[in-house]
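Below are structures written as structure tokens.
Here come two complexes built around subunit A, the first alongside subunit B, the second alongside subunit C.
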Partner chain A sequence: MPNHGSPGGGWALPRHELTLVAAIVAVFVITGWLDPNHTYFANWAESRDIILRNTAILGIIALGAAVVIIAGGIDLSAGSMVAFSATTCGLLLAVFSAPDDRRLVTVGPLGIGVAIGGSLLSGLLVGTLHTWLITAIRLPPFVATLATLVGLRSFARAMCLFVTKERWGSESQQINVNTPFFAWLKEHNVVIMTATFLVLAVLTWLILSRTVLGRHLYAIGGNEQAARLSGIRTENAKWFAYCFGSLTAALAGVFLMADSSVAQPGNLARGYELNAIAAAVVGGCSLQGGVGTVPGTVLGALFLRLVIDSVSKLIKASADVYEGMIVGIIVALAVTLTQFGHPGQSGRRLFSGSRGLAAIPTIATLAGLLAMMGGANVAAFADRTGLLGAAVGGITLVLLATVRWLEGRRVS
Partner chain B sequence: MNPIIAFRGVGKRFPGVVALADVSFDLMPGECHAICGENGAGKSTLMKILSGVITSYDGEVLVRGRPARFRDTRDAEQAGIAIIHQELNLVEQLSAAANIFLGREKRTPLGLIDDAAMEREAADLLAGLECPISPRISAGSLRVGDQQLLEIAKALSLSSDILIMDEPTSALTEAEAARLERVIAMLRMKGVTILCISHKMDEVFRLADRITVLRDGRLVKTVDRRATTPREIAGWMVGRDLGGHPFHGPRIRGPKLLEVRRLTLPWPGHPRGYRLQDVSFDLHAGEILGVAGLMGAGRTDLLETLFGATEPSWTGEIMIDGEAVRFRHPQEACAAGVAMVTEDRKRLGLFPDLDVAANVSICGLDQAVRGGIVSRSGEEALVAEPMRAAGVKTPGPHAAVTGLSGGNQQKCIIARWLLLKPRMLLLDDPTRGIDVGAKAELYQIIDRLCRDGLAVILTSSELPELLTLADRILVLAEGRITAEFSRAEATEQKLMEAATAG
Partner chain C sequence: MSIATPSPARRSLLAWALVACLAAGCSGRTGPTTPGKGGTTSPPTADSRATRRFVFITNGDDPFWDACLSGLEEGASRFDCAAAGITVSRDVNNATAEGQIERLRQYATQPDVAGIAISVIQADNQAIVDEMKKLRAKGVQVITVDGDVNREFYRDARSYYIGTDNMVGGRTLGTAAKALLDAKGLSTGGYVQFAGFTDNDNARSRMNGVKAAMGTGYVERDRMADEMDLPRARDNVRNATQNHKDLAALVGIWAYNAPAIADVVTEAGTRDRYVIATFDAAPLAIGQMQKGNIDVMVVQNPFEMGVRTVRLLKAMVDGDDAVITHMFPDAGGPDGDVHTTGLRVVVPDRSSPVKEDLFDSRVVEFLPLSDFTAWLAKYNLTGS
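Up next is the complex of A and B:
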């Protein structure tokens, strides 16, 4: 039970979390050592701020994703919710600014309060909409939140055009925010975001593992029918879960708007929902529901961001180009490792039949291409990328072929 | 005559458990051989080995005199062995014909799928099994009995001559079971060997030529049907003489608690039009009311309506303490002191990811809250008493609930409800899938709870269980009450007659 990540497991970190801590330490040490500049050891502060800021944003959204996933649902709309909340915030600031102040410098404390409150409220509204679609209309959570994923961003853009036209007489795709308060927020973003993330994490942990509501969320995720037949008001618990999911995204929206000094619904936080779900899954949440922890999710977010930063250090490439690949590989690996940890699955063959035969060159080709592209950024291999790619691809091919051969022998 | 299948010292261990040890017996061509044993005796493990689901085991299996070691179910199919699982293996969205030929679809010369040919052949196969359904109908819309015959048709189309059936009549109506028995007799005429797992003694004694009894993974005996009796077999299964039931002495009947009058639950879209019709009865504190009925007679619907778990579309009156109630959610029923142990423990009762204590405390967790936070020690103290009362045996309150035996899991669910101190306990087939020893324990627990003043409604698919426990027995058939007996009047014969009436 303890390594299932359910409540009541005591204070000790279960196996999954310990593995993540070990992995984080390992990535940190290996990167600091391999990196020619040894940035992590020599000039830690700079990397620390980038990693903390990114982890806080990813982590805040991931906490929401985790709560929804633990309750047996899924929230695909987080990225659009971020954009929707940022736009709401920007538009409310516009409403409270002086009539001709298009840079929104003049907003007073009341306007700022209403803007932030309004964007958080927008999260609650979207969460309520999700709950209604899921419990009353009986849409599957995937479909309901897919609809808002697509719809909310477009809605935010339309809203942006409408309000700017009404307010200033000309339509605009974005709203510049130069309010001093948000500039201050941006200046201290690392401390404020990290602190917010940690406070939110502790709060979420308390709710999930030490309240009746939290227990009910686990119960619903594990067996919804049984939960209802045990007298649990499943709809109300889901209401909380989806509101929490949207609220965390709304909070991230305010921070991201402050960070970029602009509310731009078109592109803000595109794809963030998938990274947040990935962080929760790496942190041990099961998409089947009923399983997952807050410490795991926090560590999952930190691990993802650390590896992304590490790769950008090692191959001197822009982190966001490689981000998707890294997240993809880590999610696949993390879930594979947790599954292979279960007894009874260890005997499964990786490369059986013609399917397996076809998978070997596929994986080898991908590995070779990746090595070639990555090698271009590393001084030692810069002018021998073709050779490097061929070598890595070839070695992978031979290794996997050996695995297949060994598997074949073991069976017969 | 040489055996068609011979088990020679077959054994299988799972981590920590010996599922099967040194089992040897023969299967003769064309015989119907029954395997009996409690849950966990190793019946399913044996079936899985023979059908190629389990591939690593000790000892050997000889098929037609030659050693066989199947790598997967396909290997077993090729050797002519087919298994009909209790949980049927059909793709519900596909047609009957498509299911029969799944994975071996017939093709036209162009390589396209040849539905016409498959449907023709499927219709022939099904007609031969007294199953006059259209091969185009989707498998999901068939009744369970027809789905089972569909699986048999599939096995026959694979030209299997060894058929394994796991609890084949457990979900069938009487008529369907009778038809299945005729089909089995017909298959045996054709020389098909049948290996059948069954709990139902009367069925075993009607069908089987020989009976093999397993206990704790070991073979107790293989006997000729004519040389034994059901009582003797049951004794071998549990390793002791069952004896009579221990519940002597009348219970003290308390005041009237529940009154149900002309309860009718509509069933839109179904030819019958109702799930329950004009159901009226009373229930007193300190009394166990048994509800008998075949599958689909409305037993579960009745309990779910009382518990507020169905759509509240029923008409009639439900009165508790003389006050009319209409629960719209189980939570309202809980608040009124009504508790329900659901029929399907795994699907409707257990939380597999939560530990034992959390599974017990789930409905009453509020009582362990201190300042908004669930207190761990408070929760442990809270569940201790109901777990003792329900006789839960667990390594500790935080053990995995999935690690407990079926009987102990069921006791956890009873403990869950005792925590709320209910006045009325609805038990929907509480001993299904529980072994004989644990059943006896559950009977004692239920009896004690009733003597402590709880009003109990008990449904069961096993008539002897009702005859053992209940003070009165209602019989439901097709949603109506067809008879009511006191314990003294009731016999299995009378109950079955009433259940099959109308």
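Up next is the complex of A and C:
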């Protein structure tokens, strides 16, 4: 087990977090330099707001995902939980609005309080359901949360159709939210969401590193049977982990509903669960459980969102086409580096045997194609995409071949 | 697991300090370079403004937008954008409001963006409207194309709208569908309308138009939304045909609904039971009409939308009032900020029960499929 991430360990610097900070600075500088508008240098305030807003949403969900992962579980339902919570909030606002007010501008403080409280309560209930499925029914966490991943969104859609029909006489698949309080929340969302995220991060860090419960979560994630035999009530700790995961997703749902002025259960936050898990993993959480830190998760979320924003700055239109590919590459790289540590220390080889040999041209080809496709949208390379692709592919090939050769020399 | 006391706290504190330093560093950077109120800034170099951009943000991914892109390219060429240092690009949204909000925010940070055209995915979405207004406040020209904002509340979010009069489009499709049903000797029966989102402004207007033209004899059984998910679009057709036994017509409101309807009824062997009336002419829909699986298509003109988008944005950026007045002669009057691009009614051939005299020739051009495909070929288009 790496010595970072769990409550125990030596006096070593948090190498993973340091690496992330260096990577964040590198992405910032390189993007600012390559972007023809130099937006990060010339107009940083607006880019900062976008990055902070998106990091806060992703980070809030990622903190919940990290706690579940540290406890040895997985929660695939976070995106659907976000949609479910936002829909619950929107529908409760509809119930407390004037009968013919489909824009929800007439909701008073009581309605707003009930709507937000109801959304957060829905998170607790779903977390409790997860714990019951996992501890009493003995479903694997992957299966239990997969069921709610598909079930919650569908339930939210049905709920939306039912309540809007009952309330307004015609079905609607979405609820437009123009309530003044949520408009205010949207207007100040950068500050409020970032502050909430940081407070939540500090609380999570305190729980994980300063409480018995936190140590129990690491212990369960490290070895559940040993933890149970040592007297830890694993079910209670798991209940906390899954409720915390769902609660953070529910909180993100309220923020996201305010930010987009709509509760749309069909596609709100679709795929967010994977980005949240990715942020936790990039931040150093191990999917084996028992390893991970809050600062790492915070930096992981910031790094992911910065990279995604960077792609938007460099590829001027339809940048999200590349988003999934880039997140995938980052996750694979982060886990690879975490597992292998410093070259030469772990004893494992990256490119051993014939499969390792076959992987080298595959990766080089992918890198070249990615550079060629992405370069077409970057002004500096737009008319030299073939050359760029060949150069990147060639350099990658040479670098990886060199790594394999060095690995071979070390073994011999 | 080892439990050594001081190290985790020190490590975590150090990590927190790093986060804080990073945040402080980020904030610190804003000092000398932060722009003034409103977030605008002088360009960093003269070069970065050498090229200005017009960006077209779609509502989702659909073949309809391919014809629009061809129109954007034609417009860029016809109005000599290159000489003016203007490039035109299309940004395909992911069919969510969040996606459009995020895109508008991104473009607000980029000083080379001079004009935005957007097909608004949710007419009543306050957040989209707010971002459009922020762009306008920064001096970026903003227009809507194909999908407008709710004009009752949010008209000031954009300068102009270019597109179809969707209510007229719906009425046109409904008129054609009714003629086909009447020709089958029917006077009653049900119909279902299919679209990506039934709350979307253009879908809602079209559906209301269809319903108004179909009259009271034919009953609208459902409006089914697929959220631009193609497998779900097919499932909706399957469910509709199984759930409503009196169904006589299937109405596709968005481009991809047409091939979805035609595929499903062909697979089920029930083509002869239904009148199939659809919007737009996706390449697959044209193929299905050639096979006899679609009875009528009411076709918008996304190609012309693209051309006129570039024309208008360039005129707005250049301050060319003559062009703007030509496109919007009634500016200042009711709906004077709306520019319609016309409709075509396409039938398999002239033997169709749908006849030219059913429609107002000032608004609708009537074409058999062969003439329509010849027009597509002229502009190297595969659909419209």
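One rule holds in what follows: the second predicted complex is superposed on the first by the 345 of 412 C-alpha atoms of A that agree within 3 Å, B and C clash if a C-alpha of one lies under 4 Å from a C-alpha of the other, contacts with A are read in each partner's own complex, and residues count from 1 in each chain.
As a convention for this text, contacts are C-beta pairs under 8 Å (C-beta built on N, C-alpha and C of every residue); 3 or more make two chains touch, one makes a residue touch a chain.
Everything numeric in this text was worked out from a predicted model, so none of it was measured.
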First (subunit B), second (subunit C), both or neither touched by A:83: neither
Partner chain(s) touched by A:230 [first = subunit B, second = subunit C, both, neither]: first
First, second, both or neither for A:290, with subunit B first and subunit C second: both
Partner touching more residues of subunit A, whether subunit B or subunit C: C
Partner chain in contact with A:211 - subunit B first, subunit C second, else both or neither: first
Partner chain(s) touched by A:219 [first = subunit B, second = subunit C, both, neither]: both
Subunit B versus subunit C as contact partner of A:144, first or second or both or neither: neither
Partner chain(s) touched by A:104 [first = subunit B, second = subunit C, both, neither]: neither
Contacts of A:263 with subunit B and subunit C, given as first, second, both or neither: neither
Partner chain(s) touched by A:17 [first = subunit B, second = subunit C, both, neither]: second
Subunit A residues contacted in one complex by subunit B, in the other by subunit C: 1, 4, 6-9, 215, 218-219, 222-223, 290
Of subunit A, residues touching subunit C in the complex: 1, 4, 6-14, 17-18, 21, 24-25, 36-39, 41-48, 50, 54, 103, 172-174, 176-178, 183, 186, 205, 209, 215, 218-219, 222-223, 256, 259-262, 264, 266-270, 290, 293-296, 298-299, 302, 309, 312-313, 316-321, 379
Subunit A - residues contacting subunit B, complex: 1, 4, 6-9, 206, 210-212, 214-216, 218-219, 221-223, 225-233, 290-291, 343, 347, 411
Residues of subunit C defined as touching subunit A within the complex: 1-4, 7-12, 14-16, 18-19, 22, 26-27, 29-30, 33-35, 39, 41-45, 47-48, 51, 53, 55, 89-92, 94-99, 101-102, 105-106, 108-112, 122, 124-128, 130, 197-199, 225, 227
Complex interface listing, subunit B residues touching subunit A: 15, 56, 71, 307, 309, 329-331, 333-335, 340, 342, 347-355, 357-358, 361-363, 365-366, 369, 372-374, 376, 379, 398-400, 416
